[in-house]
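First subunit A sits with subunit B, and in the next complex the same chain sits with subunit C.
Let's look at the complex of A and B:
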């Protein structure tokens, strides 16, 4: 804990009720959704206005006290673990939707707005905010921007970065930096808002975010294709894209995942299938009808045993609930869930899946694989028990090999989960020493005392 | 000119034929398309391989010699004027399309590839690269990324930044920095490739660029709506978007521009019209038919005198040739063409156009206004003669006022032309002192000697 004097300074800014110093509170903010050891912060501080937020940042810098901004702590790479102590900066009281501009198709939000709450408010006005990370029911938009959160619709609609038009953020001195605009086009100054995206809170503390909105698709059609061979399923993914159909969602569940989900949800999934693809096309009704027909044809041509189309919204929801249940279903099987995120160009999905299965056999591990096959972003999920040191060593070796394969297929370490603490040691392997040096130079320049979420991405 | 010894060092890297030292050559690279005074470089150096490029950068840094990367010099804000001397680094020999990946919908290019050449190669493979800056016939992709070039399709398809998946660039030491990926999703490390976008060559020297491709639209329909009142035209723009129709292109030409274009092209434009809108919708054929019908209805409802639809590809081309002729037609009218770029949220187009016309009257200036009305990005074009100092003073005052109005309407200084030398003095007005300080700190950190296109964007 920081000195009483310092605690009092935070209290003077945000009020006594917004400085959380009890053991229980501090433990609540010591971990996130990554499989990493917790680190207890000295305090958790919850500003309720922009002005308070700026003052808290300034105070931290004055005292050289690290600050770790935290939305809902759903990130999977340790980005919100206060690795070097200091305070956790809670953004959940900064949760105003400042503006939804229906004429100009943008919104302005504070960082603590919950993703699903925002998407619903936007939908009420007949508009659409596409990014839909798995944690959207609780995740915050600030967290989504900090991690460049992806989701199921990335294939057609892109990810969070594709919707960030601007970010106003506090620099380390608590001064407001403005970048981006309410206009579709803006090239005024360095692209500082884009630098905030995926920066995991290391380059500034978000004050307000300008997000792009789009008109919603007029129609959609969801389908499930069942395969007795996972190769056929993954080849179907490549075939759909090669035929210039870009589904809004194109997800794969392997046999292990199907069975865990079915155990959990009793949704009636085909448990003997080696893989299923869940596919949704959207857009104009005529286009949807044609693309759905073509998708069915391509699935069958590639050897699908059966293709079922959702007949109504209820059936459609059932399909997507099954997909959304994948992670919780796998997670309840064993004490520890290592959810990986290595991503490859779409055409390499068949090779990646074969490699994951071989690695699973080699290290005698229980791996369920599911994910956004359409954008090459799979989530091989290793079910294990971290307390079993011998087993966990095999897990770590398997993860190493999964990354090596992804890179050899011209892929990347992380499609959407971030680098955080969990993956920074692999960063140089994908990039170069000069890349790390460049990033470190930027970081040191704008945060010389190293107080903005130190230790994340580039280590240090 | 640099010393003979230094010239010899450049010659040793790129060969004698690629170090241009004659007076005529050096003058060729002293200016770009902005209305600014030329600055003659000491040399122009043209690397032909990545390796040479890296070595040239390193040599410049060793000698503290400024380098200004130059594609085709079409930028409109002085970004390629070698303001602080040194060398101009020509990228036009680095013009290989390294890869067009049809399965995974991306391409890898060197920076000197000409935009239209690339778009055509992509189209031959049945794919689509949407960004279409006005200068695409000669502009380079490296220049497009450096300036975040826009174009006519920005409204629906976005601008260059929306297609940059990765940039490998040389840091100031000539070491290769890698950022981004061939995958749709990538959150590996700081978003350094996005920081290169719109950086005007101040943050690194591009080696290879990974660009996203998309399937082309199946159908399109181009229309011209004629108005006897510019207010009605600009209100139609807002009305189309408000009805959730997002045309791929939605352009406006005012009466002055129409007449200059007609004089130039004899295309048969309605010279008595106060404004015309050129509108194209694209996508699935059924959607195109419906949207085109709705657009016609909305134009008429807003008071269009007439709406003509292009009956075939030839008629469509004629419409777009008229639009593409706007700038050359205006530019030949007077010795100096000041092409502005202030951009506002789309719904503010009517207010912006009214303000531009009032400013034109107030300062007794001949202004033709045309541009991408659909994304709020107008190009008020002041026809003048820079040698007439009294008139040019009025031009400068008018430009100041145009920027003030754009900012008061929550717009931005520049939608797509960049800041360069021309607009850096206004940057703080839109942002904040902390924004400039933040950008300067980043720049100083990765380029301590200030050799990477110094003086651009943030001044200095």
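Let's look at the complex of A and C:
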């Protein structure tokens, strides 16, 4: 527990009602969506204005108190677990959409704006914000930027970093630092905005974010291709891209996932199929029609047993329901769901999936794999019971091995879930000692007391 | 003193259910309480984390856990939106029983539940007595809504605009009925519920009128008691069991096709909660509980699914009516089309859909008593949606929602009537 005097200092800044200090409140900010041990903070503090936010950061620095920013706590790598105690800084009251500029195609938002709320507001004005993390109904834009969140549309539209035009943030002293611009082109000075993206709150505390908007596609077409061989499915992915078609979404479900989804939804999925690809192309109507036809042809050529194209919006929704059901279907199979984020070059997807299946057999674990095949971002999902210590030990060993394989295939530790606490131990394997040293030096210069979300990404 | 062995077993059962929570936080998107407070401990994920902690070591702040656990409307929005299919209502209700077993029931609740509610004769007599003298302490506010406020300062009532006790409860208007099926060949057992009995007897009368119109026999036995939800949601398992037994005893003698209620909460409690807590009942009692649960249904559901009531074409320009979905119907039982069909069968009414019709009104039974300020804010959003629909009447299927809608509309000075769907339908049969 913090001293009464310190609690009072926070209360003086944000008001008594925004300093949560009871045992029960503190416990409810001890975790996020990662399957990791909770750490109870000393306080949870909720600023409601920029001014309060800056003062809270300054006070933490004065007292050397660790500060963990938290949006909705939906991240899957432990980024919002207060690893070294201190305070959890709640951003959810900083939830104003400051500006949506329809002429210049940008928006300015506070970090606590919920992603789906923002996307809907933008859509009402006939514009489009493409990043669509699975948690968008809950996750915040600040959290998306901090974790560099992805989503189903990554292949064509990229991830959150591709939409960040600028970030205004408080440095550790509580001084407001401005970076980026409302202009499409901006090469002024060091790219401090880029440093903030994926920093998981270790480099500053976001105050306002400038986000790029784009015009929405006029039309779309969804298809499902069924394969009796997962290699053929992967070859199809490569073939589609090689023919210069970039679908907005290109998702893969493996045999295990198909069966779990079918058990759950009874949607009539082909349970004997080794893989299905769910593909959507978008753009101008004529282009969509042409590309859809070509995709069907390429799927068949690559050996698809069957390709079903959605005839209307209802059929399109039905196809996506199967994809959306993947996680719930897997989650209901066993008590604990360990959703991982191994990402490899597209050409290595068959090798990665084969390796995941072998690892599953070796460690006697149920693993369903689905994910964004178009960008090589797979989600091997291990079904287990964390209370069974022996089993969970096997899970940890399997995860280690999955990441070893991903790195050996020239992949990466994280396609969209961040590093946080969960993956920091592997970071050096993917990068190098010099990279870690550089990052640590940067961190030490920016945050000498090490209070900004300590323990994340580079450890410490 | 709590029976620690029993508590340990209950905690283990709870642990088995809680472990399925992925902590994904999707419950935040739909929780009406979280939308107002933005506190993690007010949303399901936070409460489950607290209970996990409780299960493992009974954290230092058991009272705090109890308060957090009680700060929930039990509306079921989170359960309906949970990707992992966590049985959230079971967890919360069992959690409340466990915390209550550890900390004990408050003296006030003990007196109300064990001293009154589980003794229906005394409970009814006390409320009848109260009904006679309520005029001394209340002032009428709005005739259209039938709302009153308190003449005296009372922390329990605050600035609420409430429905008063009826001059004559429903059980004195109709009770001990056992009529034969008419042209429909169907017969129902009728469970009016406490609020209809004591505050809204005209809703009970409307049900009888509708059943008579459609030639449905009615079994309305004496000796009915509360469905038990106030006791269960307060963690008082002992009183809940007593109430279930009283009701089973009252209905055991009847033969009927369906057990109907005009109260969404009573329907959901009988249909879902009774069986879940009947596991250790004696075999005969358990069988009766399961049989009643199987037959329980909302009155509109019965009218549409069993009697065949259909929407009719009606000229436009009638009274504009909108519909608020009670959580216990739409989220727990998936009933939402039938009440709209019943309203669509009323030829002098034009049905208009409001925004967020299935969003909780904020009543939540005892939640409204303990967290009135939050309840009011949630209610205000519902009120704004009702007003925006430009309806003359807001209909619903739950007396508790009717109380909340009356309060919020009356306090805002809105001239929009609050009616039960079956009331409007009964009126249209004239």
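For the reader, a short list of remarks on this structure follows.
Note that in this section the second predicted complex is superposed on the first by the 459 of 460 C-alpha atoms of A that agree within 3 Å, B and C clash if a C-alpha of one lies under 4 Å from a C-alpha of the other, contacts with A are read in each partner's own complex, and residues count from 1 in each chain.
The rule we apply is simple: a contact is a pair of C-beta atoms (placed from the backbone, for glycine too) under 8 Å apart; a residue touches a chain by one contact, two chains touch by 3 or more.
Keep in mind the model is a prediction, meaning the values are calculated, not measured.
Shared-chain residue A:219: touches no atom of subunit B or subunit C.
Of the two partner chains, neither subunit B nor subunit C is touched by A:267. Of the two partner chains, subunit B is the only one touched by A:242; subunit C is not. When the two complexes are superposed, the chain touching more residues of subunit A, out of subunit B and subunit C, is B. Once chain A of one complex is fitted onto chain A of the other, the partner contacts of A:183 are limited to subunit B, with no touch recorded for subunit C. Of the two partner chains placed by the overlay, only subunit B lies in contact with A:418; subunit C stays clear of it. In the superposed model, A:103 lies in contact with subunit B only, and not with subunit C.
In the superposition on chain A, no residue of subunit A contacts both subunit B and subunit C.
Those residues of subunit A whose C-beta lies close enough to touch subunit C in the complex are 20, 22-25, 27-33, 38, 44, 46, 72-74, 90, 92-93, 114, 116, 135, 137-139, 327-328, 331-332, 335-337, 385-387.
Contacts from subunit C toward subunit A in the complex involve residues 15-16, 19-20, 22-26, 28-29, 38-41, 46-47, 49-50, 53, 59-61, 64-65, 67-68, 83-85. Subunit B contributes residues 101-106, 126, 147-148, 150, 154-155, 158-159, 161-162, 171, 173, 175-179, 181-192, 194-195, 197-199, 202-204, 214-215, 238, 241-242, 244-246, 283-287, 290, 343-347, 372, 375-377, 410-419, 423, 427, 430-435, 437-439, 441-446, 457-458 to its touches with subunit A in the complex.
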